[in-house]
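Right, I'll just put the structure down here and ask away after.
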Amino acid sequence: MSHYYRLVVSCPDRLGIVSRVSTFIAGYGGSITEASQHSDLESGRFFMRYEILADSIGMSHETLRDAFAPIADEFAMDWALNDTSRRRRVVLMVSRESHCLVDLLYRWTAGELDCDIAAVISNHDDLRALVEWHGIAYHHVPVAPDDKAPAFAEVQQLVDEARADCVVLARYMQILPPSLCERYAGRVINIHHSFLPSFAGAKPYHQAYQRGVKLIGATCHYVTEELDAGPIIEQDIHRVSHCHTPNDLVRFGRDVEKAVLARGLRWHLEDRVLVHGNKTVVFA
Amino acid sequence: MSHYYRLVVSCPDRLGIVSRVSTFIAGYGGSITEASQHSDLESGRFFMRYEILADSIGMSHETLRDAFAPIADEFAMDWALNDTSRRRRVVLMVSRESHCLVDLLYRWTAGELDCDIAAVISNHDDLRALVEWHGIAYHHVPVAPDDKAPAFAEVQQLVDEARADCVVLARYMQILPPSLCERYAGRVINIHHSFLPSFAGAKPYHQAYQRGVKLIGATCHYVTEELDAGPIIEQDIHRVSHCHTPNDLVRFGRDVEKAVLARGLRWHLEDRVLVHGNKTVVFA
Amino acid sequence: MSHYYRLVVSCPDRLGIVSRVSTFIAGYGGSITEASQHSDLESGRFFMRYEILADSIGMSHETLRDAFAPIADEFAMDWALNDTSRRRRVVLMVSRESHCLVDLLYRWTAGELDCDIAAVISNHDDLRALVEWHGIAYHHVPVAPDDKAPAFAEVQQLVDEARADCVVLARYMQILPPSLCERYAGRVINIHHSFLPSFAGAKPYHQAYQRGVKLIGATCHYVTEELDAGPIIEQDIHRVSHCHTPNDLVRFGRDVEKAVLARGLRWHLEDRVLVHGNKTVVFA
Amino acid sequence: MSHYYRLVVSCPDRLGIVSRVSTFIAGYGGSITEASQHSDLESGRFFMRYEILADSIGMSHETLRDAFAPIADEFAMDWALNDTSRRRRVVLMVSRESHCLVDLLYRWTAGELDCDIAAVISNHDDLRALVEWHGIAYHHVPVAPDDKAPAFAEVQQLVDEARADCVVLARYMQILPPSLCERYAGRVINIHHSFLPSFAGAKPYHQAYQRGVKLIGATCHYVTEELDAGPIIEQDIHRVSHCHTPNDLVRFGRDVEKAVLARGLRWHLEDRVLVHGNKTVVFA
């Protein structure tokens, strides 16, 4: 797999940003293999993502980053310059349902997800054999209904020890405490099993069944303190009809959930998702 | 176009319904060209729809209906036996936006909607020329913001004079008063420009834009007294991204709205939609 | 899981079939939980599928079958009366690509596929560990390019020993010889990685890339002697653009393939697929 | 509506293109509201499209074009710099079926298609009243089956007199002669009523019905001398089942055709479609 530098920028829109950045890269002989820009006309904010072939540039990641810093300052950029040779570290959190986990592990094995899976954390022990068969550490951290703090302290310690860049709630079924939401802000991805903002909260498929909707959905979003209200990364739906029982909705939902989560995570790992207030720019 | 009798039944599920009904029809030589059944296991209610070639039965619509009545009584059926040679009469209600109207008029002209369009009622005069070009009566009934009652009295009179079987709110943008909702219960079809239950009420595309959803939708439903909460007939969605402005959402939405409304109305006219509490059985 | 008898019928359409069959079932107290019919107006053929709660009928599967036989004769039916308490036996055939296999094994584990997986046969040894971890026998049958007959003789023996009701080519990448196509006619399901009839044969994603299509697809079909030309059970597509390389098409294709194959196989196992010449009736 | 310059470029990929172009535009104070790039790694060709707010640049369209020419030469660009204040002139060609025409006229009226419709040409007179009601010239040019040359000579004269930038075959149902394909190369858009390359040629829905496909489609493409083989702009599909007759397929197909054609035409008019051999880059 080729080795890239990925430049991701968000800043106030003004004249000459692309000129300045592209001229900087061309000046070092950098070959841009993929370029995306977006001007948000409402907020006046500019977003860009450049994928640069590392070998085309005769300097290290750190040197390039230092060289770019003055431009970033000049344009008041929120920015990152990532090196794809340093793989992201991901921690997966699951409960008992395995569909998202099985799907992510397959994609990871097949090379669709460019990351290391540092560990799997679960409040149950059910999925240990599956995870360990893939050579991944499995941590069982039961969550006591009446005092969840010790469990989440342990979760925090495990995530920190794993040096996780990203935490994926792959149907974890527990609500993260505000302290963790804040600590890992912008780095925790959840899959919610409804087409948000419809049916937030518990048992969304049963809510959908009772309302008689003709489409069910799933939503991949960044976790924030407000439940199921964080920036949406991706959504998709599945058609249902009067023929389908709540169990059928759950079954269809599994397919939508795993597809939506996999797309969202892949885009996150490829630096394609830029958060903009409570929304996202996704250079998919 | 062939001539059919359509038998539509909803009743408590029990042994022998299909046997009794199909034997009754076979006894008169009736050729069934389409048959649909559904047993709702949760509520224990049974639904069926039979399309019978009228020419295959040697008796009139009225005679057949009388002959069937004892079976209907025996099984406590809600039922109808409709004769497709009697075309339904539809009143369309619109405001200023023409996309649903243009679409329905095209489909009606092309023979996709088996009905007479008895009249178009609007609170504005903008679409008169278009409607009259199709040879359809156009009634301009302005709605005074501070006293809507006279307008809705006139609407009621027009609908009654038109002997309408069905009223379609094709982006009418006014809320029908409870009296009309009740008077025409089960016969008023609305298109709401969101994927209900998300974004009920006003300006749904702007709500969707603010929330940053990745899919927008439209919902065709029967009108009940509670706003945007009636039984859903059909829904569909369109994918959007950060590139799209609220105007783009409105534009995509027009396509979804007209498609969803057209399907919903067609199914209603073909007796394919059976209301079941606040949900629908749709034999599409 | 409840226990059902499934009656599947295909016969010349004529008066009184439903009456006769439903009266027969009602006569034994049979509770029909799902009923589907289809009259093909072009060919004059009738299709039906009834799902009957076994416990509601006071007789064994064999007795019921014997009792029904005279009706089947009278109406010249192709028919089957299946008992869901006897699980189908499925043999999966794979090559090196694991996406369909992983997906089917997950669904089987999750109870989405009502069958026993009797064995997996592969022309490579790559997927042995995965299969055996699920407790399923794995047979490595290499296929010599210059003399494939011995391999297919072994395949036939393994399928026969496994008493397979159904053989699934889950990306097997070898063409079955006519003798096996004939021997297992109507029981071999293949997933082809294109939207047939486009791009039959080898390397369909590369063909699609060269043609510049904007959608790629996959097709689940019964295998017949003519390559990629058997009755289609299910198809689906994925949107692509100029951004996507042949590798991206392959990646998207994996998702479509596994979804389409899983739906096709599930419907086959639930007796929802009735072959009609080179087409299918699918009571999904 | 704002006024833009649209720069569209295709050239061999090499270092510094974006830098050179964006610096050129920034040098004149040009505000880029939308920017798209694509590097085709297989062919080594680079594509870009910039939308520049005209008012932000203190010079006329012609002056800007002259100033850019040396850069274009330096990089061996195929290029265009279009001024959106000069509306494109479109000629629609139709036969008897009105669905695409009605749809395009609605979208044109609603402001979704930024063009003048210079004329409608048809080999039948059926749609005259509809077209003239929209205030558009209608030319009836019958095509004699045994000698089509005079008709196409007249078509050519009408298209030339209309100074058409673009000709849309909105279900014209006649094959353009090679001379016209060549004369208007890259400017004639056709809607084919199948998911190409499946079912090229006549009666595609009947071909699809006979093959028993589960999805039907439509394809919008540029017309070339080889029938139904030109660069594909857009495609979409509609799900069908055994329930559907050839007439149903035709009906569903109308919806897909008009949607696909409208998207393709809109993108063409907005300079979003760049031809690349027999494929397209679509910056949608």
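For reference, chains read A, B, C and D in written order, and residue numbers begin at 1 within each chain.
By our rule, a contact is a pair of C-beta atoms (placed from the backbone, for glycine too) under 8 Å apart; a residue touches a chain by one contact, two chains touch by 3 or more.
The chain lineup, named per UniProt: A, B, C, D = Formyltetrahydrofolate deformylase.
Predicted model, so just to flag it, every value in this text is computed and none were measured.
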Pair sharing more residue contacts (C-beta pairs) when B-D is set against A-D: A-D
Of all other chains, the one whose Cα centre sits farthest from subunit D: C
Inter-chain centre distance, subunit C versus subunit D - centres from mean C-alpha coordinates, in Å: 41
Centre-to-centre distance between subunit D and subunit A (centres being mean Cα positions), rounded to whole Å: 37
Residues of subunit C engaged with two or more neighbouring chains: 41
Category of the chain touch graph - line, ring, star, complete, other: complete
Parts of subunit B lying in touch with subunit C, wherever the complex brings them together: 15-16, 18-19, 22-23, 25-26, 29-35, 37, 39, 41
Complex interface listing, subunit B residues touching subunit A: 38, 40-42, 195-199, 211-215, 217, 231-237, 241-243, 245, 276, 278-282, 284
Sites on subunit A touched by subunit C in the complex: 98-99, 102-103, 106, 109-110, 112, 133, 251, 254-255, 259
